[in-house]
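Chain lettering (A, B, C, D, E, F, G, H, I and J) follows the sequence in which the chains are written, and residue indices restart at 1 in each chain.
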Amino acid sequence: MSTSAITEKLLTAKKAKGITFADLEKILGRDEVWIAAVIYRQASASQEEASKIVSTLGLEPELAESLTESPLKGSLEQTIPTDPLIYRFYEIMQVYGMPIKAIIHEKFGDGIMSAIDFTLDIEKEEDPKGDRVKVIMSGKFLPYKKW
Amino acid sequence: MSTSAITEKLLTAKKAKGITFADLEKILGRDEVWIAAVIYRQASASQEEASKIVSTLGLEPELAESLTESPLKGSLEQTIPTDPLIYRFYEIMQVYGMPIKAIIHEKFGDGIMSAIDFTLDIEKEEDPKGDRVKVIMSGKFLPYKKW
Amino acid sequence: MSTSAITEKLLTAKKAKGITFADLEKILGRDEVWIAAVIYRQASASQEEASKIVSTLGLEPELAESLTESPLKGSLEQTIPTDPLIYRFYEIMQVYGMPIKAIIHEKFGDGIMSAIDFTLDIEKEEDPKGDRVKVIMSGKFLPYKKW
Amino acid sequence: MSTSAITEKLLTAKKAKGITFADLEKILGRDEVWIAAVIYRQASASQEEASKIVSTLGLEPELAESLTESPLKGSLEQTIPTDPLIYRFYEIMQVYGMPIKAIIHEKFGDGIMSAIDFTLDIEKEEDPKGDRVKVIMSGKFLPYKKW
Amino acid sequence: MSTSAITEKLLTAKKAKGITFADLEKILGRDEVWIAAVIYRQASASQEEASKIVSTLGLEPELAESLTESPLKGSLEQTIPTDPLIYRFYEIMQVYGMPIKAIIHEKFGDGIMSAIDFTLDIEKEEDPKGDRVKVIMSGKFLPYKKW
Amino acid sequence: MSTSAITEKLLTAKKAKGITFADLEKILGRDEVWIAAVIYRQASASQEEASKIVSTLGLEPELAESLTESPLKGSLEQTIPTDPLIYRFYEIMQVYGMPIKAIIHEKFGDGIMSAIDFTLDIEKEEDPKGDRVKVIMSGKFLPYKKW
Amino acid sequence: MSTSAITEKLLTAKKAKGITFADLEKILGRDEVWIAAVIYRQASASQEEASKIVSTLGLEPELAESLTESPLKGSLEQTIPTDPLIYRFYEIMQVYGMPIKAIIHEKFGDGIMSAIDFTLDIEKEEDPKGDRVKVIMSGKFLPYKKW
Amino acid sequence: MSTSAITEKLLTAKKAKGITFADLEKILGRDEVWIAAVIYRQASASQEEASKIVSTLGLEPELAESLTESPLKGSLEQTIPTDPLIYRFYEIMQVYGMPIKAIIHEKFGDGIMSAIDFTLDIEKEEDPKGDRVKVIMSGKFLPYKKW
Amino acid sequence: MSTSAITEKLLTAKKAKGITFADLEKILGRDEVWIAAVIYRQASASQEEASKIVSTLGLEPELAESLTESPLKGSLEQTIPTDPLIYRFYEIMQVYGMPIKAIIHEKFGDGIMSAIDFTLDIEKEEDPKGDRVKVIMSGKFLPYKKW
Amino acid sequence: MSTSAITEKLLTAKKAKGITFADLEKILGRDEVWIAAVIYRQASASQEEASKIVSTLGLEPELAESLTESPLKGSLEQTIPTDPLIYRFYEIMQVYGMPIKAIIHEKFGDGIMSAIDFTLDIEKEEDPKGDRVKVIMSGKFLPYKKW
């Protein structure tokens, strides 16, 4: 079964049952963003986590297997995505990329923020002038090795 | 004077004087990321802010003028940047882009996180297993208008 | 059902029934451009609006559901579209893009015209020398936030 | 003298003299967007219009000559511009391109909106919830010729 | 029915019946290039013309309907086509593009040759040293509007 | 001296002297498009033709030498040119490319129209509804060799 | 039947019957490279040649028809092919392209080597240090026409 | 001194002295294509060969040094070169690439023709119907290693 | 059967049987990376090796045939792969490419490391601070031929 | 001073003094590949290491400063490099990328080989059939974090 077929099956079941990602967060004890990444086949679950997702959505147990595999990652088809919500993150990097690089090097030295030893949370900040989306990324700093 | 010439002049002076972005944050009362964005000519300062930056770095007052202009934004030359620190943010979107979209729509409905009414902070989290880079983005949610 | 399959189903029914976008505008009380955007799956309708569209076109009520979802936006496949009608808008930006940027900054300061809090109307101007297409865009000005 | 050198010379003089595009509109009796297009070397002025622009900005009369030439048009360097203000117009076409095509064909038949026999105005709409940018395009409809 | 399916159906019938584009030119009273453009779904025929094409090729009358629609134009899939016959026209523009621009501006002023109010003929010139292909394009000159 | 430096020198002299391409056509006995191609360094002149061009424009005789060389051809920098006049020819191929291929193969068999054994003329057709640009291309048909 | 379907059918039959391109060369009296080009639908055969190919491979006679058509040429999908054998020819042009151009112009003047009036042979040169592939191209020199 | 500066210096001297690549072939005892590759900085000469080239062209001995270095190879700037002479070789691969691959594998097995242990000759074949360019490539066959 | 269909069939069987690449290495006496390359259709096996792979995986013997063919190589679809594991190797070349080139030329002279007469091994290095991936490449040095 | 200017200055001095990367390895006690990376401005040295490099090459001490900065990384200009030595590493990934991914996941689970906590060595293996280049990469395995 191709990657996107599995994703579509899980999302359709999730919608039909009226289950939110926040519901899955409570059931699995894992963050909703990570669970969404498993469903979009960008992250791999343990056998137990996979079974919980599949059974919560009321799907056949055999589907769990494929959620444990290491997928070929990359959820966006286009070089520069056209979807406005996703594009804004690319724009943020175009505008703030060099400033971010300068600040991180000043605080940490030469190296990078890991995108593997990494977590990402999304919160809703209520605000009378309009609610705000808060995105919190936390990645281990990896200094360049000398040899 | 071309954009990158101004940036280079400011960064050279900043290094020679040993002033950090954190120092500028205290002097201006503005976040260091935003100040770095002004210096990289991605954001525009008020006349007063521009003068403070220029005088703190010990440069000629006439340079302040150009920091108040609305620049042609985009600090990265390549479609897919090769610098590893910057690329990681692109990879984060490739892997977590669709999950982020799904979660934001579930929490807020159809719309986007603004990249204009937007702030970005970088913090250093000390951790015995290796320090962590924390990036906090906060953008106003803009619902799609119907007409 | 994939996005384009829904769009094709709706357009085929619309043609078979001889209903124009202007007819739908009267029935829904929404602008015809926005309704076309819903049908091309670039905008999301309320449950009620979706039901009206589907029933006006004489289609099964279950189709309404999918018109309420937040789609992955981007209706054009190619980076630089080849269709002459659509390409002209890209050419307009190539020729008038920098002038537009200069004028908006002069009138409003640093910021952008929102493409989300945004409306777009198309009118036919009769003219003895050849009718004219009038396109009116109205977007909220969003000033860049400082922090 | 290369195209961008002329543009920079004119813009520098305009800024130094504190003249707005709206001032030039009053002096020339031409729309400010068109005048900006001449200055960005995307449109060509008559000998008289060129002389007025140059003398108003206090520059040497010989510069007028080059404003009368038919330039190699295209004011944006990148395929997908990174500047947020300019990008929004590309996003508008990605989202509303197919709906616009459908509506124009329904109203006019097969053909295009000319980008040559074309005008573009920018107005500021004051609004208590935030001022709005209004962009009005008017282009002659050109039906496809049969032969 | 998708665009290319219709085109293939028409071309297969045309071949099976041994009808040339020149035959269709005589029957319709329209140029063979334009008729080929209708069949490749790049141009739209009137109801009557569509019926004549379909009946001449011995196909079901319902196919005529789709030949009257305004198609999404662009008959080539690749940015730079690999087919040698088609590529030569791109090469001609690479080599003679700037000379053509210079000559047209010298003869007509600032503006373009319309590709909409436009005709294109192909003739065979017999020549003892090798027959020649003659391509004659005629497009209305559109001067840039000032406003 | 780099290619574009020579071209600019020749065009500047041509403008200063008020000489048109049509004037050069009369003096050289060669078509104005070909002469423009020599000046844009896309074609190579004989020693005699080069000297005539250079002396007519009142420039130093040594410049003639470089007009006799076989240049690295390609006068357009971008893959898809942004200049509207030049772009129209690309659009013509996008829309009429497959029809042209079909017609030429029907008339001539498998092969191409040469872009080397090739001439191109531009004429002005006066027309009360608006003058027309006429472009006449004539290229030798080259049948594919079998071996 | 789509192009690649025909090619696959012919290649499968060729393999099943154990017929080499060299065998087909003897039967048709045409070079094996050209025959391979017909099978990959890059060249068009005469009615008689097509029948011989089809019958030698033991396939139904109706397939012969499609081998006589002028195909849309270009056998490689990617701009820069990834297959190492094919890529080497691109590398040869990257490294030796300018030297080849210089030598051909020195020997022949301004013009090109035709890729249409053109043959290509592949020979195996036995060599104790490792066999060598010999590729011999022969194309008519086409001088640029002046007009 | 940058690569292209050296190349230009050598070519200018070669032209001024009226020396052909064939002359250099006789003096060095190396093929003219390889010598041209050295001059275009795509191949590296021995100290002795470099000195001979430089002295034959009457240039300062210090230039010889740089001809002995291993250059960053790739003599063409564009992905798909626009120069017609060079493009024809790309077209040959588009049309005959898959046939060449099939024939080489049939004759040699899985592997490639080396572009390193490789020679390339260009000959002029006189022909009453028009002279022909003959290009002969010879590369060692490298079978894929198994391990 | 298309390439990826065979690959998928083999991988599915391999997973169902719980056979690792290391198991296959022992059975075939070939390195696991090379065996994986055969399964991903990037390398070609002998008749005997192909039969062993197919029978070990419990699949029908006819599948062996296709593993002996010389495939059209290139296992990655995108120019710059998005999968983080694969991208890291591209990043390594971006960062260390020029240093590698400089060191190899200093040690070996002008030439390349063959990617054909080439082996690649992957080892797991246990390390208390975190296990390490060791990749060992070994390719024959091929000096550039002079001629 | 721009990045490439520093690199060129260091390489010129290194060549003039006849110092190899292996010599620098002995003096600094760091691997030659890493030192080459510092010189190509892809890695940052400590103050002491930078001073040693600069003084060994006999250059002015002020140059050391710039070798301690965190550079904007990426030493190759083109998306797909044309230099044959560098390209081979891209080809290796095209051919062996998916096999490498499969083997690493089988040995380590879901995660990546770090390109930051990473070393790379190049060795010369003498071999009577032709010397071999050995490239040894060692990177920490980073498992994907769950959260």
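Assume contacts are C-beta pairs under 8 Å (C-beta built on N, C-alpha and C of every residue); 3 or more make two chains touch, one makes a residue touch a chain.
Because the structure is a prediction, the values reported are computed rather than measured.
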Chain D to chain H, fewest steps along touching chains: 2
Pair sharing more residue contacts (C-beta pairs) when C-D is set against E-G: C-D
Whole-Å separation of chain centres (CA-atom averages), chain F against chain G: 32
Chain A-chain C separation of Cα centroids, rounded to whole Å: 30
Distance from the mean Cα position of chain H to that of chain C, given in whole angstrom: 55
Where chain I touches two or more other chains, by residue: 43, 72-74, 76, 80-84, 91, 94-95, 101, 105, 111-112, 114-116, 118, 142
Those chain pairs that satisfy the touch definition: A-B, A-C, A-D, A-I, A-J, B-C, B-D, B-I, B-J, C-D, C-E, C-F, D-E, D-F, E-F, E-G, E-H, F-G, F-H, G-H, G-I, G-J, H-I, H-J, I-J
Chain B contact footprint on chain I (complex, rising order): 80, 82, 84, 87, 91, 94-95
Residues of chain G defined as touching chain F within the complex: 30-31, 33-34, 43-44, 70, 72, 101, 105, 109-112, 114, 116-119, 142-147
Chain F residues touching chain E - in the complex, by the definition given at the top: 20-22, 32-34, 36-37, 39-40, 42-43, 73-76, 79-81, 83-86, 88-108, 111-115, 117-118, 120, 122, 124-125, 127, 129-142
Parts of chain J lying in touch with chain B, wherever the complex brings them together: 72-74, 76, 115-116
Parts of chain D lying in touch with chain B, wherever the complex brings them together: 78, 81-84
